[in-house]
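Here you go, one structure.
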Amino acid sequence: MPEIIDQIFVLSKHWLLGYVPAGLQPVFSALLSVVPVLIAFPLLFAITTVLERKGLGRMQNRYGPNRTGPFGILQPMADGIKSLTKEDIIPRTADHLVHLLAPLLLVTASFLVYAVLPIGRNMVIANLNAGVLFFFAVGSMVELAVFMAGWSSRSKYSLLGAMRAIAQMISYEMPLVLASVVVIMAAGSLSTVAIVNMQASYTGIWPHWYVFTPWGLTGFVIFLIAATAESNRCPFDLPEGESEIIAGYYIEYSGFKFALFFLGEYLGMFATSAMAITLFLGGWAAPFSFLTWIPSYVWFFTKLLTLILVFIWIRGTLPRLRMDQLMNFAWKFMLPLSLINIFGAGVWHYMPAGLLRWLVVTLLVVVSCISLSRGLRRGKWFHVRTYRFAA
Amino acid sequence: MTISFLLLAAITIAGTAAAMSLRNLVHCVLALTLGLVGLAALYLQLGAQFVGFTQILVYVGAVAILAVFAIMMTRSAEPTEPHGSSSFQLSGALIAGIVFAVLAWAVSSGTKALQVQTLQPEASVNQIGVALMHGFVLPLEVIGLLLTAALIGAGVLAMDETRGAR
Amino acid sequence: MIGEGILKGLAETARNFFGSYVNKDRLTTVQFPEERLPQIEATRDFPFLVYDGTDWQQGLRCVSCQICEKECPPKCIYIEKSKDKKPDATGKPQSYPTTFNIDISVCMSCQICVEVCPFDAIKMDVAFELSTDDRFGGLLLNREQLAKSNEYYNKIHPTEAAAVDAAFAEERAKAEAKARQAAEAKAAAAAQTLTPGAGETTRVQ
Amino acid sequence: MSPMSGYLLLSALLFSIGLAGALTRRNAILVLIGIELMLNAANLNFIAFWRYGPNPEALTGVMFAIFSISVAAAEAAVGLSIILAVYRHSKTTNLDKMNSMKG
Amino acid sequence: MNWIVQNLWLVPALPILAAGISALAKRKSRVLAASLAIGSMAISFLLSLWAFAHVLWLRNHGEASLQIFDFRWFQFGNQWLSLGWVLNPLTAVMLVMVTFVGLLIFIYSVGYMAHDENFTRFFCFLALFAGAMLGVVIANSLLLLFMCWEIVGLTSYLLIGFWYSNPKAAAAGKKAFIVTRIGDIPFFLGMVWLYGQSGTLLFYNGGAGCLEPSAINYLVAQTTTIGICAATGIALLIFCGAVGKSGQFPLHVWLPDAMEGPTPVSALIHAATMVAAGVFLVARVYPLMSAHAGIASVLTTSTALQAVTWVGSITALFGALIAVAQYDIKRILAYSTVSQLGYMMMGLGVGGVSVGMFHLITHAFFKSLLFLGAGSVIHGCSGEQDIRRMGGLGRLMPVTFATYAVGMLALCGFPLLFSGFWSKDEILHAAHTWNISQAPFYMGAFAALLTAFYMSRQVFYVFGGKSRLAEETADLSHSLASPDTTNHHGSSAPHESPAVMTIPLMILSVFALLLGFLGTPAWPWFQSFLEDTQAPLDFSAFSTGGMLPVMLSSSVIVLLGLTIGWWFYGRKPIESVDAPDNVGRLSPSIFSALGNALYFDAIYGATFVKLNTQLSKISDWLDRWVWNGAVQTVTQIVFGFAYLDNFLDTHVVNSGFDGGCQGVSRSGQILSLLQAGRIQRYLKIVAGALIVFTILLLWKAKI
């Protein structure tokens, strides 16, 4: 029975395909595997918006939206309706075509990413053997969309915001990719399905997730930090920092396009966290051997939700980073640490299993982490900024 | 000559042609990205997945952005002046046309004799990894060196002199 | 260690998050429309005209001396003086404003008009829910909408209203004493013409 | 018209479009993009020959394509930084103005 | 070798030194010049006497009377050219004569030239002339002789043309110089020929000299193409030099004109010394002259001597004829000198050295006496030279008249008492005994007659009758005031000359008288002295050799001449200046012909001078057109080549090179177009290359 529930979606899809004439078989099978994802994640987006606002409120000792529906449940509906009804203003000097294309590209890129994410056991839209590479390739198109948005609206704030966003996303893409390289080395394959299968096994009750290895943990941490930066969230949300440049690259958007941007942003967040899950947290694998009976997609989504909560949590606490701090952190801490992490993984791979291997790699990672951080502080990159004029 | 090939070819050609002829530079770059994506799709169709995705990652992700940054920083985003002397244009286009004609002639006459292998060769990432590590180790190292050099060089070149001096 | 600042911060927010569900007084937000905070006495929103007695047309203290119009920084008061005169509270014939408009979308509630009004005819109201659906017309209050009774004034600003009433009473007593002395000689009729108006009980004290 | 000649024709066309762009446009960045395009056309050729060529398992075509893509990326980076440096110096990206190296 | 022989060069050297010093002196240092000249001349005279005494001593002691002193001058090739001087009786006699007469004339000219501002220059030239004349005398080498000969010619030119401001004097100087030069050229040729044949120019060189028998025999043996032997040829050429210098027949024209010079000059040069040089030359080279093939006896005379004789006799007759018709006092004496020189040459030709020399010595004294006398006459008549305007001076100037008469009688050869008689008689005797022909004797005799006639005419004109000086008639042609008159201090009345002029006259007149007795036939000391033989005193010589009839005939001739002269002029001297001459009246045509010197000047002028002008024209034409033309053409050709070269250089080489450079630079420009800095252009080129290569590839592949 649990397998049926587990594979309910797959079976239903095959079942439905039965009704489709042979000629259209491939198209329909594609549609059937894509449409649920297209529906599921926007819903998740809606839920997340509420969770985020209520969570932030709670963290800041306030209620959060509670007017629309009981406990503010219908807030996303309200947002959606609002964004749909809002007038869609395009600046006169804007470049109409690119202005329109930007959000579309952003959303398509974000949706394309889900093709390789295994939501559940053999529930993956496209099992490419270069899945991770596909993920990063398509992910990098987001920057282009951001640029198109920023530039096409012809306003200084939007352009500046776009430039900052792109700079940040590019510089954090490096640690992101390098962190994933560690897992690929361990898993030995670029295919996400293979990676999850590698982590599905258990020793005793403990799963073989990569996060429970020293290099895995650091990789996971680096991946998460880079993911937050990639999706311009919280500590790295300088591009659309309201207090400084109002809303960043989507300042000139209103109405539905604005909503699309929001959707794109959140989808980006979900995608990177999903990839984090597949790479480090064992994808749809159950945390403990005895819990395997719960369907795989459930585990996937629970892990996804926990990561989302973590994101929200981080958003609630950390102050915004300044641009130079942000860049320095990326190039002078994250990149070196990820490289060393790869080295650590290499060492881990060649050393015989055992406590020694653990000790060496953890030592390596911890020492490098401390020395890099001290390097950061001694270089006063994080010191309180003294204004020469505004003192 | 499957439909998908024709479609993708059309997209690529349209993208690249637009890239070369549009007046506004940013539009050119965007058209270029379209062309490149089309090309990547062609690679996928030819079965070289890894190359296709690297193409997207490298070109669409990095080079396009780089080009756009360059355009931004050299203030050439404003509408450029007219194309200048027609004779200059004409000669360039003419030469390109001749080159195409010659190459086309070469291709058409060349490939007749070649016996074509129809089976779809398999180029999994694993095989590519193996080939990289065994057959093409030297080029890999050299490419590593080259990329680092390019990285540093580009950085230094584009760096604002005053920053270094401060 | 690089991370301890962040962890401390996260812990704090987590404490807040879970604490809010456990300990109610953490949440200090007032659900506005349903719960309201008691009004603070010194709040001021937009000015209103005070009138004595019951008929606002007669009891209006404003004698349209137009000082407040001149003094108003954003120039949101517009007064038109009446041709004829009507007796005020002390029975002296005074002119009165035929139109007295305040544009509350422009008014910045600085209370300068109250301070300069020699006759305590204009005071600051506490009502703030004045939003209207049309952008311009709704926010221009005319004489009728502005006029409010003295009792309301005492309700919203009790201490200040009491001080003003006391000053009026004393002034009226002095005037009556003077009038009485002058009036005893004159016909009681003169005295009669003085008292038909508002006749609020408080003023009588 | 075997499929392969289709790809080759396409790459030839791409190459000539890139060349036309490089020859006709005045802006340095456009020329650089034109050159990028020519490189891509070459890559297409590699992959086409790998796909339809005699022994695909040697993966030479794919390897060559990968290396050429990386080199192209490096070249684009350096090229653009040079253009940037030139711009900062002479405030123009117009190729005709950059003729100080003339004989 | 005696001191005097070694230092014989002092004799000519002193006057030349005096000339040099006075030449450098300032014009107004007149006393210095005069004293230097006279002093040097006196010392030379003493040295000459010493030399004369030394020769006498040598003769008495039987030693060789010939003493020579040679020294090497310079070497060319391996031969040495040497010069030297000789002392023999001939030299001694000449030395004494020249120095003594020169001294007297120097003293005389001090008075004569006192008023001339070029006094110092005059004495410088005189001293130079004396030195040169003495050089000619002592020379032992024909070359040294020739050099002194030329200096003598030079000084004669300078002295004749002394008053160069007077154009006639300048022309006369030039004439004298050119005519003597014409004579000197053959002399030079002869000298060279002699040197060519004999190898040396020294006369006596211890046997090797050219006048020694060995050389003579050699020269005689040499026969030239025209049949005469070399000796004769050389002799004749040298004789031409003598003809020129002594004013013999064809070349005598300069002597009368030489009278333009001051009178002492005429006396010294044209009476005593220079003209005698020619005679001395013939005497010096007499052995060469008399050398002839055949037996060595004296009987047969060589052709050269025959030529000398004939020329001498013709000149004697010719000079006497012209002298008859002259009116200028000095011109008459000049022509008489010409004829007397003819006598000397005839004497040498027929009688040998001693006969000629004896007449030369005697003539020197009485001719210089006559010239100085004429000088004092001119001085007295304040520069008047025309005898027709003189007259009656005998009473006014008694001393001059007396000495002049002595000189006249000596010249004519008045029997027994005067020297002229003895010397002329010797010549006539020798001519009479000449075995070739008697014509010279008769010409000589007739000349003697004429001499007596024109001398008596002159004396009667000048000293006889009454003075015609006062009549100042304008029409007289040569009444030009000669420089003499200009510098006289106004006293027009004739007056006796001062003592400094009359004393030399008296001394000379004494010698004119006594000198004859040295060479009388009875005691021929002079001839023996020259011939180096012993001369016993015997009065019987008169009768031997037909000497007596010759003496008698000559004295008759002289007396006849004098009477004719007296007949025409003494009896009734002409009254007025413009009265015709008595003889002129008889035969006017002949008289005028003779007056104009038989038109020789005109003849010469017409022939040689015209020839000369023609030749000069021709040579000018040649020079102008032919040589100049040739040179011009050559230069034009050279210019042409230069232009061509320049043309080639600029147009072919330079422009070629420039063209090449331009080609290079132009192609460089074109090439630089290739690199016009436009990147697209480079790309196009690359694309083009691509096209070409692919086409090539395909073409080759021939799919």
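Every chain is named by a letter (A, B, C, D and E) in the order it is written, and numbering of its residues begins at 1.
Basically, a residue touches a chain if its C-beta (ideal position, glycine included) is under 8 Å from a C-beta of that chain, and two chains touch if they have at least 3 such contacts.
It should be emphasised that the depicted structure is a prediction, and the values quoted were computed from it without experimental measurement.
Path length between chain B and chain D in the touching-chain graph (shortest route): 1. Least step count on the touch graph, chain C to chain D: 3. Chains that count as touching both chain D and chain E, per the definition above, are B.
Placing every chain at the mean of its C-alpha atoms, the farthest one from chain C is found to be E. More C-beta pairs in contact connect the chains of A-C than those of the other pair, out of A-C and B-E. Ranked by how far their CA centres sit from the centre of chain B, the chains are topped by E. The innermost chain, defined by the distance from its C-alpha mean to the mean of all protein C-alpha atoms, is D. Averaged C-alpha coordinates give centres for chain B and chain E that are 126 Å from one another. Rounded to whole angstrom units, the spacing between the C-alpha centres of chain C and chain E is 170. Chain A and chain D have CA centres that are 33 Å apart. Chain A and chain B have centres, each the mean of its CA atoms, that are 29 Å apart. For chain B, residues touching at least two other chains, in rising order: 50, 54, 62, 69, 88, 91-92, 95-96, 99, 103, 110. Counting partner chains per residue, chain D shows two or more touched chains at residues 19, 22-24, 96.
Contact with two or more other chains is made by no residue of chain C.
Those chain pairs judged to touch are A-B, A-C, B-D, B-E, D-E.
Chain B contributes residues 88, 91-92, 95-96, 98-99, 102-103, 105-106, 109-110, 112-113 to its touches with chain E in the complex. Taken in their complex, chain D has these residues touching chain E: 19, 22-24, 31, 95-96, 98-103. Those residues of chain A that touch chain C in the complex are listed here as 55, 58-63, 66, 313-314, 316-318, 333, 369-370, 373, 376-377.
Residue ranges on chain E touching chain D, taken from their complex, read 671-672, 674-680, 683-684, 687. The touching residues of chain C, when paired with chain A in their complex, are 1-2, 6, 9-10, 12-14, 16-17, 20-21, 26-29, 31.
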